[in-house]
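Same chain, two partners: chain A is paired with chain B first, then with chain C.
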Partner chain A sequence: MSELKENLKAQIIEQLSLEDLTPADIKDDAPLFGDEGLGLDSIDALEFIVLLESNYGIKIADPSQGREIFHSVNSLAAFIESNQ
Partner chain B sequence: MKITVSSYLSRRGAFLDTELKFGFREENWLKECYQQLEMDYPKFYKMDHLSKMAVLSTEIIKSGGILNGIQDDELELLFANANASQHTDLKFIESYEQQGNPSPSLFVYTLPNILTGELAIRNKWYGENTFFITPEFDETLFAERLYHSARKGSKLCLCGWVDSKLNAQSAVELEECFLFLVALSKEDTRNDSSSFAITLKELYTSYQASTLDN
Partner chain C sequence: MTAAITSIVSISHQDSFGKQNIWEILTPLGNQSEVIAPDYKTYIPPASLRRFSPVLRMALTAAQVCQNETSVPFDSISVGTSLGCLKDTERFLQTFITATGDTLSPTAFIQSTHNTIAGAISMALGNHSYNMTHTQNSLSFETALIDGLLCVQEGKKNVLVGAADEAIEFLDVLKPHVIQSTVPFTSGATFLSLQPDTAGNGKKVIDCAVHFNNTNTEEAITTFLKKNQIDANAIELVLFAGEIPTTIGIKQINYEQYTGLYYSSAAFACHLANDYALAEGKYVLIVNHQVNSKLGLTLIK
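Let's turn to the complex of A and B:
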């Protein structure tokens, strides 16, 4: 699981072009969206959908799940593990 | 029409009113600047090069407290550059040519005037904003536009020349951010704008010379 989280952090940085950040800057349980954490927004949610499809072959069937799935690196990793 | 404060930001350092405030040692000088200013604004990391420079420079301008207490619609934004969003445009092209997916988060920055939106969001400034693309720094354009703003009753305008360009190898060839805050009066005349243009050009030139000295 910890390897998956580290991979996810690197992929988030690459996919979202967050060139100033390193994986160490992203905490496992920090909110990814909103003013706290990474301050991501709805445009970035599209990037997460692309990331899940292209890197893990997972499609989100119910878009309303996005808020819960994309909350943090922890929730993203848990979703990937349970859907692979 | 009077410049009340100015700043200049480039890889060579951060300047306020022509004095060097601090220099940079890191390759990633924009992140170093963010840390020097002790900002806590995660959205910064998402921004394009132009917006990062504009937001950081504005923090430097604000550091003296001169913009404290202004009404949210009291300040106009007047910006320009020569290379539009070329820096992000090329990264966006790379995102779909090399990585296979056009990146939505890069796409939103493929217009240079997005930086005025970032300034508005960060500072809750809701006044008019304008962005021009000109072949080079055009002091007469700034002076003329400021004259018209003064005539219609504007009192304060934050102006900026924020430019960035990548070369054919995708390395940064040019990057600079020159900001100046202008106090306006309805009494300003065309003669004022002509002399202002000369002063503005001298100030811009002096910043470029001082960055070369450091």
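Let's turn to the complex of A and C:
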């Protein structure tokens, strides 16, 4: 699980062009969206959908789940583990 | 169609950004030059900056500085770009080849269109006025400039005109098929604000004309000068790209030695004209003959 989270952080940085961040700057439980976390937005949410499909072969069947799945690295990793 | 240039900003392969007079920093470019970029973080919020390709960064920063220097919001925004956001276009097309799922990255798609530049400037400046993109091959800047001059003519008080293009490596592969030129492909953005011609001492754009099926450059120049009631002897400086008749102007300078090759580099020539110390009653004529069949003429006083 910890390896998955580290991979996810590196992929997030690359996919979202977060060039000023390193994986160590992204906390496992920190919110990814909104002012409290990384400050990601709706376009980034679309990038997450692409990332999950292209890197893990997972499609999100119900888009309304997105808010919960994309909350943090922890929630993303848990979703990937339970769907692979 | 006269309008006063109230500010002009260039980001290029020259150290032109923020300079009072760009003639002082000019050096002929070698084959391996790069854009000399300012610190974009000073001008673009980090959340936006991370998504923007080099051409967007150049254009937004130049437009932002023009706005800062003008203080009054722009009544219109006209941008010329020949090839648009090439890096994002290339990235988007690359995903067609490499994508393993059904979905494609949205960012490169959103930002791969030509009108991304003018639209992004509008959003960055919070400007909801007239917004237009001109894509006319090597005459993209001139058509944007004519648009801006017409906006001033119809009563707009503060008009933003600019041009931006970026090079990618693949252009070198295409080059033998698209243009006969020994000048290397480069990138650049120049933006200027235009206002109604008042009694100020700054430079003025007197007129601009485009010919998409040019067959006789000398005749086109003669007609252009005649239309503006200007004697050929009043042309002190000719800034040109491509081949032109050799008899016009006291001094002639090929501006591509400073800009490199990008299809809207006539905008940088406009900056050169703006900073040139002209004698009283004299003019600068920009002759853009980069592409054989196309001719752009811009007159600056």
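We adopt the following convention: the second predicted complex is superposed on the first by the 84 of 84 C-alpha atoms of A that agree within 3 Å, B and C clash if a C-alpha of one lies under 4 Å from a C-alpha of the other, contacts with A are read in each partner's own complex, and residues count from 1 in each chain.
Note that a contact is a pair of C-beta atoms (placed from the backbone, for glycine too) under 8 Å apart; a residue touches a chain by one contact, two chains touch by 3 or more.
Remember, it's a predicted structure, so these values are computed and weren't measured experimentally.
Enquirer: When the two structures are laid over each other on chain A, do chain B and chain C clash or fit?
Expert: Chain B and chain C clash in the superposed model.
Enquirer: First (chain B), second (chain C), both or neither: which does A:I60 touch?
Expert: In the superposition, A:I60 touches no partner, neither chain B nor chain C.
Enquirer: Check the residue A:L4 against both partner chains and state whether it touches chain B (first), chain C (second), both, or neither.
Expert: It touches nothing on chain B or chain C.
Enquirer: Looking at A:L18, would you say it contacts chain B, chain C, both, or neither? Reply first, second, both or neither.
Expert: Both partners, chain B and chain C.
Enquirer: Check whether A:A78 is in contact with chain B, with chain C, with both or with neither, and answer first, second, both or neither.
Expert: In the superposed model, A:A78 contacts neither chain B nor chain C.
Enquirer: Touch check for A:G39: first (chain B), second (chain C), both, or neither?
Expert: both
Enquirer: Pick from 1-9, 145-153, 235-243 or 253-261: which stretch of chain C gets in the way of chain B?
Expert: 1-9
Enquirer: If I apply the document's touch criterion, which positions on chain A are contacted by chain B in one structure and by chain C in the other?
Expert: Shared contact residues on chain A (touching chain B in one complex, chain C in the other): 15-20, 39, 43, 46-47, 50, 54.
Enquirer: Can you list the residues on chain A that touch chain C in the complex?
Expert: Residues 15-20, 39, 41, 43, 46-47, 49-50, 53-54, 57, 59 of chain A touch chain C in their complex.
Enquirer: Under the definition above, what is the set of chain A residues touching chain B in their complex?
Expert: Touch residues, chain A against chain B: 15-21, 35-40, 43-44, 46-47, 50, 54.
Enquirer: How about chain B: which of its residues touch chain A in the complex?
Expert: 28, 30-31, 34, 41-46, 91, 95, 100-101, 103-106, 108
Enquirer: Mind listing the chain C positions that touch chain A in their complex?
Expert: Listed in rising order, the residues are 46-47, 50-51, 99-107, 110.
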